[in-house]
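Per-chain residue numbering starts at 1, and chain names A, B, C, D, E and F are given in the order in which the chains are listed.
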Amino acid sequence: MTPHLPILIILPLLLGAFVVTLCGLWRPRSAFPLAILAVGASAAASIASLVETARAGAVRYALGGWAPPVGIEYVVDGVSAFVATVVAAVALLVLTATRRMADREMGDRPGLFYGAVLMMLTGLLGIVVTGDLFNVFVFLEISSLATYALIFMGGGRAMIAAFRYLIVGTLGGALYLLGVGYLYFSTGTLNMADTAARLPEILDSPAVLAGAALIFAGLGVKTALVPLHWWLPDAYNYAPSPVTALMAPIATKVAAYAMLRMFLTVFPAGYLAEATPVATVLLVVGLGGAVAGGAAAFAQSDLRRILAYSSIAQVGLIAAGIGLASPLAAAAALFHVMTHAVMKAALFLAAYSVRYRTGEVDIDRMAGLGRAMPWTMLAFTVAAVSMVGVPPTAGFFSKLYLAQAGLAEGLWGVALVVLVSGLLTAAYMVRILERVYLRDAPDGGSAAEAADPPADMLAPALVLASATLVLGLANVPIVTRLLVPAVGP
Amino acid sequence: MRVLSVIAMLGFAGLVVYATSALPLRGDPDAPAHRYLSPYYVERSASEVGTPNIVTAVLGDYRSYDTLGETAVIFTAGVALLMVLGRGRKRD
Amino acid sequence: MSPLIAVAVPMAAAVPILLSGRRPNLREAWSLAAALATAGAVWSMLSGTLAGEPAESVLFELAPGAAIAFRADAAGMLFAMLASGLWVVTTVYSIGYMRTLEEGNQTRYYAAFALSVGSAVGVALAANLVTFVLFYELLTLATYPLVTHHQDAASIRAGRKYLAYTLTAGLALIAATAWLLALGVDATFEAGGFLAELTGRGGVLWGLFALLAAGVAVKAAVMPLHSWLPAAMVAPTPVSALLHAVAVVKAGAFGFVRVMGYVFGPALLADMGALHVVAAFAAVTLTVGSILALGMDPLKQRLAYSTVSHLSYIVLGTAILAPAAWVGALFHMAAHGVTKITLFFCAGAIHAHAHKDRVSQLDGIGWRMPWTMAAFALASLGMAGLPPFMMFASKWYLGAGAVDAAMVPFLAVYVLSGVLNAAYLFPIVFRAFRNVPVEGHAERSASVDEASGLMVVPLMITAGLALVLGLAPDAAFGFMELALDVSAAVTAP
Amino acid sequence: MTDPHGSIIVNFIARIMMIPFIILYAFYVLVHGEAGPGGGFQAGAVLAAAVILSRLALGREQRIVSTGGLVILAVAGLLVYALTGVAPMFFGGEYLDYGRLPIPATDGIVFGRVTVRSIGVFAIELGVAMGVMGVLGAMFDYLTGAEWSGSDAG
Amino acid sequence: MLDELLGRYPYWATAVLMVIGLYGMLLKRSLIKKLIGLNVFQGAVILFFIAGSVKAGATVPVLIDEGATDPALYVNPLPHVLMLTAIVVSAATNGLALALMIRIFDGHRTLDEREILERPART
Amino acid sequence: MIWEIELTLFFLLVLTAVVALETRDLLAAVVALGVFSVFTALLLAVMGAVDVAFTEVVLGAGVTGVLLVAGIARMDRRSVD
C-alpha cells in the first residue's frame, strides 16, 4: 500500500462522504460510525505517510499515471505529512467529542451533516497533499462550500454570517485562481515544483509579482489575516458548536499551510522575501493581527467570540512565521500550526461542553464552573495556559521558536510582539479563569447544577489538553527531526 | 468601510493593469503557456488517450483528478443544499 | 538520591492530595508525607554537595541545545534545603491555621502548595537557565491560586496584579533565554559565569543583563517592581509565610545569585559596570522598604515591606562582589527565611486565634498568647541583627564585604537598615507586653489563651532555629558551609 | 410557477416532443464529447434542464424521476467516478490510471480504434453526467420549495 | 503600439469587469447584488484565462484528423479545462448562495445586508 | 479571433454587468446576469473555447439563470440599491 499513501489520505474521506450521505438518508444512526471510520482511515494513512517520509523522504504520486507536469501529482513530504497528521488527528478527536452536540444541534439528518463534514475534510486534506496549483483551487472550493453550509446551520445570525463568508470566501478563491492564471501564463505550467523550476528566468516580471500578490490575498481571506479577517468572528460565533469546534482548529491552518507551501515549493527561495514585498507584508500583517486580535479578544464577553479573536491573533503569529521566510521560522510556524490546532480544539471542546451542560456562552455567567465541571475546566485551563505560552507547554515552544527565528533575522520587533501577544492572551484568559474558579456560582444558576459531560465528550478534550504538555516536552525531536529537515533547503 | 473598499478596488485595478504589461501579447504563439505543456497535449492526446477532442482528453484523463474534484464540488453543493433547505422550512 | 526526585516528589504529591479531597485527614497526611519526603530527598544530597560531588540528573532536551537538567550545587542546595525544610514546619502550621479558620478550598490549597514548593525546589536545583525559567514560570502559576485563595474582590485584584508583574517578568526571562539560545550559548550555570565568550559585545551583554535582572527583580521585589508583594498579603498567612517570605521571593533573590554569579560572573559584571546599577537599586529598596515598613499598621503589610527590604540585602550583597559579601548574601537567604517565617507564623496565629490584624490592636496580646509573642520577640531581636541570632552572622559578613570592597556607604546602609528593623519591630513587642487589658477580653487580660498547638509548636521551632543556627551556624543543615562554598566558587579569581 | 399549467398543448409538446429530444440530445452530447465539443458536464446540465423543464411544464404529475431519485443518482454518479478511479489501483496502476483497467481494447469507432483509456474517460463522463444531473435537478426542486413525489429526502 | 494595444486589451477589459464585480460585492447592500457582483468577477476571471489561451492562426482544440497534431493548429486547451472546472464551481456556489438567501429571506423578510445586521440577534 | 467582434462583446459585457448591478428590479438584474452569461459564452466561442462556451451557456445562463429566477420568485423583487 505504501506507494499509494498520498491518495489514501484523501480517498477514505471522499468515498466516505458519498457513503455516509447515502446511508445516512435511510439509516441515520449509521452516519456517525461511518464518518469516524473514514476520518480514522485517513488519519492512519497520514500517520503512515509521516513515518514513511521521515524514513525515505517525500512520496510523489502521479494521479492517473501521468507524470507531472502533464498530470496532477500528489506530494507528501515532511511538511504536508505533518500537517495532514495534525488535521486528521484533531478532526478525529473533535468529531468523537462533538457527537452529542451534533445530535442535539444538527438533529434529524446526520447523514448530510457528516457528509458535509467529510467533504470539508476532503477539501482541506486535498490542499495539504496536492502538488498542483489549480488542484488547490478545486479542493479549496470543496472545503469552502461545505463550510458555508455548515456554518449556516447555526440559524439566526449564522445565516448572514455564512452568506458574507460565502461572498468573501469565493472572492478569495477567485483571487487565488487569478493569481494562478498569472503564474500559468508566465510559466506555462501548473505543477508547483515545475513552476519553481521555470520561474527563475522571469523573476523580475510584474506578472509573477502580481500572481504572488493575488495568491496571497486569496489565501489571506481563508487564513483570516487581519484586514481580511472580519468574516471569522461571526462565523465561529454563530455556527453550530460541532462545526466551530471542527473548523477553528484546522480550517485557517490549512490556508496558512498553503501560504507556506508557496514559500517552500512554488516560488524560488528568497524571491518572496527579497524581490517582493509579499513576505514583509505578511510579517507586518501577521504581527499586527497578533496584537489586534488579542486586544479584540479582551474586549469580548462571549466565550466563543474570545476564542475566535484569539484564533485571529494566533494565525497572525503563524503568518508572521511564514513571512520571516527562514527555515527556522517555517519550522516555528509549522509547530505553531500543530500547537494551535491542539490547543484551540481543547478550548472549544471545553467551551462547548459548558454550553452542552449549561447553555451558557457568556463568561460572566460561568462563575463557579471550576467546581461544577472540574475536568472540563482542567482541560480548558491547561490549554489556556499553553495558549498564553507558559513553559513547558507546547504553546511556549512555538512562540520561543518564532521569537528565536525573529532574533536570528535581527528583527527585534518579532520577539517583542510575540511577548506582547502572550501578555494579551494572559489578560483575556485570566479574565475567564478568574470567573470560572474564583467566583462562586450564583444560586439557582444553571452553572451550579452542571456536571462534567459524558466521558466521550470529556476524554478527547483531556487528550488534547495533555497533548499540549506532551508535545511541549517532546518539542525538540519534533522540531529537529521532523520539521527542520522538512523545511530545510 | 466604503473608503477601504474603494481603496481595495483601486489597488486591485492598479495591480492587474501593472501586471498585464508583462503578460504575453494575446495570440502570441511564442507565449510560455503555448510553448510548454500545451503542445504535449495536442500531439499526444490522440495516441495516448484516443479522443480527438483534446479538451476532453485533458479533462477526462490527464487532469482527471481535477474533474473528480469538480464533481465533488457539485456533490458538496448538493449536500449543502439539502442541509440548508431540507430542514424546518415551511412548505409552500 | 537524584535531584530529580526532590523536584518530582512534591509535584507528584499534588495528585493524591487532589484525589483525597473528601477526606481531610488523609489529604493532610499526604501533604506532610510529601514535605518530609522532599526534605529528606534534599537533605540526602547535602553530603555529596559538601564533598564537592553534587548530585546531577539530566532529562531530555527541552529546547534545542538545552536539556532539563538538575544539579545540586552549593547555592542550589542552600535554597532547596531552606524551602523544603521550612515546608515541613509550614505544613504542620497550615493544618492548624486552616482548621482554626475553617477555610474553604483546602484541597486546592494543599495541592497548589505542594506544586509551589516543588517549583521552588526546581528553581533551586536547575542546572541551566532553561530549566530555571521553566520552574520559575511554574512557580508563578502554582502560587496564583494561593494568592486568590479567598476568592473575594480584593484577592482577585491582588491575583491580577501578581500575575501581571510576574508573568511580565517571566517573559523578560524567556526573552533573555531565547536570545541566549539564538546566540548559541550553552546556558548551563557555571560558577563565575558562562558568558565570557561574549566579552566586549556591550550592547548584547547589557540587553541580556537588563532582561535577566528585570526578570528576577520582580520576584525579588526590588523597587520599583515590588508592589505585588504587599498586595499578595491577602493570601492565607501560611502562604505569606513560606512563599512570600521564603520560596517565591527567595526565588527572585536566588535568581540574582544565579544571574550575578553563575551567568555573568563577577569579572564580566565588573567589566560592564552593571554592579553599580544593581547596587543602587538594591540600596534604595533596602532603605525605602524599611522606612515604609515603619508606617504600616496592618501587621502583615509591615512584615511584607520588611521582606522587601531584606531581599535587597541579598541583592546588594551579590552586587558588592567581595567574598565576604557573598557569604553574607547566601547566609542571609537562610537567616531571613528562618526568621521571617517565624514572624509571619506569629502574625497568622494572632489572626487565626485572636482575629487581630493591625499593630494598633495588639496592646497586651503578649499576656494572652505568651508563647507566640515570645517567639515574635526572639525573631524581632534576630531581625535587628543582634548577636547571637542567625542574622547577626549574615549582616556581619555583608558589612565586612562592603568594607572589603571599599564600598563603605553600603555599610552605612546596612547599619541604618538594622536600626530601622528594630524601629519597626520592637514597638510591636513592647505593645504586646504592655500591661493593659486586651480589647474584648478585659476581664481575662492576664489569662493565657494560646492558639492551637499545631501553630504554636512550628513557630517556636523556627524561632529556636534562628537562635541555634546563629549560635552554631554549622550545627545543622550546613547553611554556612554552603554559603562559604558558593562564595569561594563564584568569587575565585 | 411550479403548478401544472393544465394546458394540454404544453403538456403534449413537453412530454412527447421536447423532453425525449432533450434527453436524446444529452446522450449525443455525452457520446460526442469524445470527438467534438461536449462531455459529462454539458450532458448532465442538459439532462438537468430536461428534468427542470418537465417539472415546469408538467408539474407534480410527472413521473420521470423524484427528488430522492435525483439525490441517489447524484451520489451514484460520483461513486461511479471515484470507483472507476479506484479500480486501476488493484491492477498495479495509480488512482485514475485507466490504462490499467482490464478491458480488452477493441478496434472501432474513433480513428479506427477505441483505447482502454477512452473507455475509462467515457465511464467517468457518464458518472459526471449522472452527478451533475442529479444535483442540479435536486437543486431546482429544493430551491423552488417543492420536493417532488417519492421523496425520502425532504 | 497598435499591436501592443490590440495584444493587451482583453486583459484590460477583463480587469474592468473584475473591478465592476468587486464594486458589486463590496459596496452593494442587497445580497443578490453581491452575488451578481461575484458572478461578474468570476466571469471576468474565466475570460481572462481563455483570452490567454488564444493563439494566432489556431482553431478549436478538436483534432481535425488523427495525423493533424501540429500544436500551431490548435489553441491552448489547458485553460479551457481549467475554466470548465471554474464554471462548474461557480454554478455550484450560485446554487448554494441562492439557497442561503432564500432561508435568510424566510427569516428576515429582506435581503438588505445592513438591515439584517442591525437587527438584534435571534439565536 | 476578430478583434472588432471581441471588443463589441466586451463592451456589451460591461454594459450588462452595470445594468445587472444597478437596476432596482432584481428580476431584471438576474435576467441581465443571464444575458451577461450568454455574451460571455459568445466571447468564449469567438476565442475558440467552444467547450467552455457550451458549458457557460448551459450552466451559467441556463441552469443558474433558471435557479436565480426561481429563487427571486420566492423573494422580494425590489432591491435597496
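FYI, a contact is a pair of C-beta atoms (placed from the backbone, for glycine too) under 8 Å apart; a residue touches a chain by one contact, two chains touch by 3 or more.
These numbers come from a predicted model, not from an experiment.
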When each step joins two chains that touch, the fewest steps from chain C to chain F total 3
Chain of greatest Cα-centre distance to chain E: C
A student comparing D-E to B-D should find more C-beta pairs in contact for B-D
When the C-alpha atoms of chain A and chain B are each averaged to a single point, how far apart are the two points in Å? 25
Taking the mean of the CA coordinates per chain, how far is chain C from chain E in Å? 70
Can you work out the whole-Å distance between the CA centroids of chain B and chain F? 18
Multi-partner residues in chain F (2 or more other chains touched) are 1, 50-51, 55, 59, 63, 67, 71, 74
Could you list which residues of chain A touch at least two other chains? 14, 18, 21, 63-64, 134, 138, 141, 145, 148-149, 152, 184-185
For chain B, what residues touch not just one other chain but two or more? 16, 20-21, 23-24, 27, 31, 33-34, 37-38, 41, 46, 52-53, 55-56, 59, 61, 63-70, 72-77, 80-82, 84-86, 89, 92
Which residues of chain E touch chain A in their complex? 18, 22, 25, 31, 34-35, 38, 41-42, 45, 48-49, 52, 78-79, 82, 85-86, 89, 92-93, 96-97, 100-101, 103-104, 107, 113, 116-117, 121-123
State the interface residues of chain D toward chain A in the complex, per the touch definition above. 68, 71-72, 75, 78-79, 82-83, 86, 88-89, 93-100, 152-153
Which of the residues in chain D come into contact with chain B in the complex? 33-41, 71, 74-75, 77-78, 81-82, 85, 95-96, 98, 110-111, 113-115, 117-118, 120-121, 124-125, 127-128, 131-132, 134-136, 138-139, 142-143, 145, 153-154
In the complex formed with chain E, which residues of chain F make contact? 1, 3, 6-7, 10, 13-14, 17-18, 20-21, 26, 29-30, 33, 36-37, 40, 43-44, 47-52, 55-56, 59-60, 63-64, 67-68, 71-72, 74-76, 79-81
Under the definition above, what is the set of chain A residues touching chain B in their complex? 14, 17-18, 21, 63-64, 66, 69-72, 107-109, 112-113, 115-116, 119, 122-123, 126, 132, 134-135, 138-139, 141-142, 145-146, 148-150, 152-153, 182, 184-189, 198, 202, 205-211, 213-214, 227
